Amino acid sequence: MQRIFGLIKDRVGALLADGTVDRVIGWEKGEFLYDHTPAIFNAEDDLVDLVYDGFCASNLSKYLIDESKKDGKILALLKPCDTYNFNQLIKEHRINRDNVYVLGIECRGMLDIDKIRALGIKGIEKVEEQGDELYIQTIYGDKTCKRNEVLLEKCINCKGKEHVAYDELVTSGEDIPQVESNRFEDVEKLEAMTSDERFAFWRGELSKCIRCNACRNVCPICSCVECVFDNKDSVVASKANTDEFEENLFHIIRAFHVAGRCTDCGECSRVCPQGIPLHLLNRKIIKDINEFYGEYQAGQDTNSLGPLTDFTKEDVEPSIITEKGGEK
Amino acid sequence: MYKISTDHLTELFSSISHDRALYMPIEKNGQVQFDRWMEDKKVRLDALNTVKSPKDLFFPQSENIVAFKIKGKNISIIENRDESEPFVVFGVRACDAASFDILDMVFLQDPVDTYYKARRDNGIVVTLACSEPEETCFCSVFGIDATNPSGDIATWIVDDMLYWESLTEKGERFTETIKDLFESADFLDEEALKSHKEDVEKIIEKLPLHDLSLDGFNSEAMDEKFNSPKWEELSEACIGCGTCTFICPTCQCYDIRDYDTGQGIQRFRCWDSCMYSDFTRMAHGNPRTSQVERFRQRFMHKLIYFPTNNDGVYSCVGCGRCVAKCPVSMNIVKVIKAMGVDENV
Amino acid sequence: MSIEKTEDSNFEPLIVAFCCNWCSYAGADLAGTSRLSYPANVKIIRVPCSCRVNPMFILRAFQRGADGVIICGCHPGDCHYSTGNYYARRRMTLLFSMLDYLGIERGRTRVEWVSAAEGVKFSTVMNEFSKTIHELGENKKLRDLRCKEFLD
Amino acid sequence: MCNCNHSADEALIPGLGVVTDIRVDTPDVKTFRVNALDGGVCFEHMPGQCAMLSIPGIGEAMFSITSSPTNTKYMEFSIKKCGCLTEWLHQIEVGQQITIRGPYGNAFPVDTEFKGKDLLFIAGGIGLAPLRSVINYVRHNREDYGHVDIVYGSRSKDDLVAYDEIIDEWCNEDDVDVYLTIDREEEGWDGHVGFVPDYVKELKFDTNKTAIVCGPPIMIKFTLAGLEELGFDKTQVYTTMELKMKCGIGKCGRCNIGSKYVCKDGPVFRCDELDELPDEY
């Protein structure tokens, strides 16, 4: 991971120096070695805090909505999964394309600090990456674990290492193993349950929700200027978990508003403080769209019509759901 | 000082919970939360602290205040607050126990908030000292001794023995009712406990954030900190969600809203976040239009405004929840380091 | 506003029907004028087109006490706005699948294409739908308890 | 103490009031007269204090009590239509019940700093509402105070709140000078034309007065600057602030300017106190 960071840093420094861009959005070192913050670097000198390693999972395309409206060109460091969101935002005219210079950066999958903690590793001070091994220095002695044991959920089901939108690519030449996985596996497991079991599962999960809106505010696609839940006439207060129904409604509507636009970037599940698998809701809709209306990956291009803004005369009838036999 | 072996804990819990509710850190769907204890629940006393703090038991995320029924021009008022019955909360860490005292400074100050007071009187806080603090912990910075937690009753778990000591009169009375389950701790146990405390203190000294200095933050520095240019850069990553405020054990802000149930209006109170844009939005404008001002308000309140009004007590207990759970990893530690006169920044 | 429900012993389902103004509303009208009966507890809400029905409306109906929601629209192809019901068809398919995924009984929601001339179809559909909801019983999963047991 | 609040220590539970009279002052300001259900005032208050009025289901908001404490028959609120609750209030008829709780906030220091002083009231538009309670209080205890000057301006003639009370009562009081102004020339108006801050500078008041300013934020800013030009010291000028308030008892954390809460430490502030606070309003 050190090689690719060196290449990125040189390239960023060069682009800043020759004036193609006047500021860069990337990640800034934090207190420990895993809490990097998205940050904007204006000039050459404060690149010293720029960092790119296994903990730069946050998706920077959402910041480009506001940043691309300012004058001057911004250099955005986008991982392959971030570029899908970038394309989707371009399609929805949210990003001013010529104010953004996209530097596609290579990604070997990002690490999940909670999974490292779940292995019983406490008091983490330093995380060193050598190949597939992680050397973790903690207050209670040094520990090691395998890299792909603690990958983020969205990196286990990585959509692929190619960038779908970039002005320039930075690759280190190492071949990164393509991760084979069926991302709909958990969805199929849920579909195999009976409806009462599913209701119990989702009640168990959604009852943990503390209505902090991190899932809505982090999602690059779920970025209306004024959200329906912030409008005071919408009866549900977007901060009050007064009732089971409100929790169900909030999560159904949040998933539904990004139906056909969600690129499955997994940010909502990553930031949920209560660890609710919110991606399973969005993936269910993606699975249905693929089954009923043909394979579709949002953000693959910037001009195709989204599934819910398109139709064919031979679409399947809604009764296909209501008359599905048996308990499944 | 009493003691009980850790494998009799289930007996202790069942005897406590037969006449009053008992809450403790319980794992449900892979997440440790303060939940009501039942025989079959998975108790997790080893988890350092829960994401949603035990503040929820005294200042719930949402609670009914009063209800109205409207007939034509007439209104009738129905008091349907959620009655609070006696309960015990077990396994509270030192930082959360300290947060209760901070909330008391807000809600028990005249005019007293009777909803909060009823729960505070009905609740008995049994704290459990931590033995393996995380790197995100910095309670020592705020003068909280993690090895001697406050609360009505303090407990320690050393090897396979739980030591139980009541600190307040309310704790004393409660211990009397369940005295027969314990044996009294002898000199050897006191020694074992003392050495355990020293080990934990050594770890706390080694925590990366233990030397965080707060000496830039006092009421005289209000203007200088308020007009500092650093807020712009610190808040540029903030996405304005409410995570830091909803998991913070000392956040006190709440909103009052009406809900039309069709048969009547239910006025309820729910947690609110200064990070949300509608927190100060009025009919004729909003004094805090951008995220920079809201971000500034949160940390100015915790580090300067609250100490100014409460003779120097900071509205933060160093539990490290916001350090761990902020989606963009921006938190009070980074603000203290950037804004304070800390030398290693 | 909450929908009043007759609370007698055998459960009387409450059904909300979103009827598109051009076809199914006229169909309902025709069913009425030709003296065809359909259950009284079907509450019709007139919408300009079936694709005006927002998922929030359906969930609101369940929240306020409905036990079944049916969306009626023109037959695909002769929508007054030419493409409204095509979009509604996709939207409702995904919504029903999502509700089923969350464990809500599948029979509680339904889409029917009823043209202005099909008064008979309208009343048979409503009777049949009311029967299925009757079998399914009261809606317990998508219910806002505050609306139900508000004390006097 | 109060006969419509259920129990004094239930800060958040309101009492019931009934609107007994509605007077249309200007196209967007109405003055509501509120009584307890069985007559009289809902609670005692001091001039400058506010009360939380609400129509359940619509909202609850803080309004300054515009009637003077010396009036024990009813309580008056002048409310401008600018939000969802105020819009609803402007549609109600006489006899409508509303919920009311209070009094909140500190009052003007009428029994301490103002005693025996010459008073200069400067109000703009709906800003007259909080000052009217002080003016009437001063008029009813006339001997405790010195000379009274009232400078009141608004956008146009029919935007002057309580216009007839000003003309009939205030103008004919001895030792009280009333200066009215409107922003733009208008036929049928022979008085002064111009903004309040400029009018104050024109009038060149001598500086041994205590000034009380209230109006839209922009007007307060310029008036304070004008007063300073005239030589008024900051400790002689009082103003009343307005921010979003929900609880009214300094706990819900939203109405703060710096470390002070407008609903508990305000809404009345002396200008030197305001200067110590960060300029966040």
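Each chain gets a letter, A, B, C and D, in the order it is written, and its residues are counted from 1.
Following the convention adopted for this analysis, a residue touches a chain if its C-beta (ideal position, glycine included) is under 8 Å from a C-beta of that chain, and two chains touch if they have at least 3 such contacts.
No experiment lies behind these values; they were computed from the predicted model shown.
When chain centres are taken as C-alpha averages, the shortest distance to the whole-protein C-alpha average belongs to B. Centroids built from CA atoms put subunit D at 52 Å from subunit A. The geometric centre of subunit A is 36 Å away from that of subunit C, both derived from CA atoms.
With centres taken as mean Cα positions, subunit B sits 30 Å from subunit A. The set of subunit A residues touching two or more other chains comprises 232, 235, 242. The set of subunit C residues touching two or more other chains comprises 144, 146. In subunit D, the residues that reach two or more other chains under the touch definition are 84. Chain pairs that touch, as defined above: A-B, A-C, B-C, B-D. Within the complex formed with subunit B, the residues of subunit D that make contact are 6, 9-14, 16, 56-60, 82-84, 86, 93, 95-99, 242-244, 246-247, 249, 251-256, 258-259, 277-278, 280-281.
Taken together, the subunit B residues at the contact with subunit A in this complex read 28-31, 33, 48, 51-52, 61-62, 132-136, 203, 206-209, 233, 236-237, 239-243, 245-247, 255, 257, 259-260, 268, 270-273, 276-278, 323, 325, 327-331, 333-334, 337. Of all the residues in subunit C, the ones that touch subunit B in their complex are 1-3, 64-65, 144, 146-147, 150-152. Across the complex, subunit C is touched by residues 190-191, 195-203, 228, 234-235, 242-246, 248-249, 252-253, 255-256, 259, 281, 284-285, 288-289, 292-293, 307-309, 311-313, 315-322, 324 of subunit A. Residue ranges of subunit B in contact with subunit C, taken from their complex: 67, 69, 78, 80, 259, 261-264, 266.
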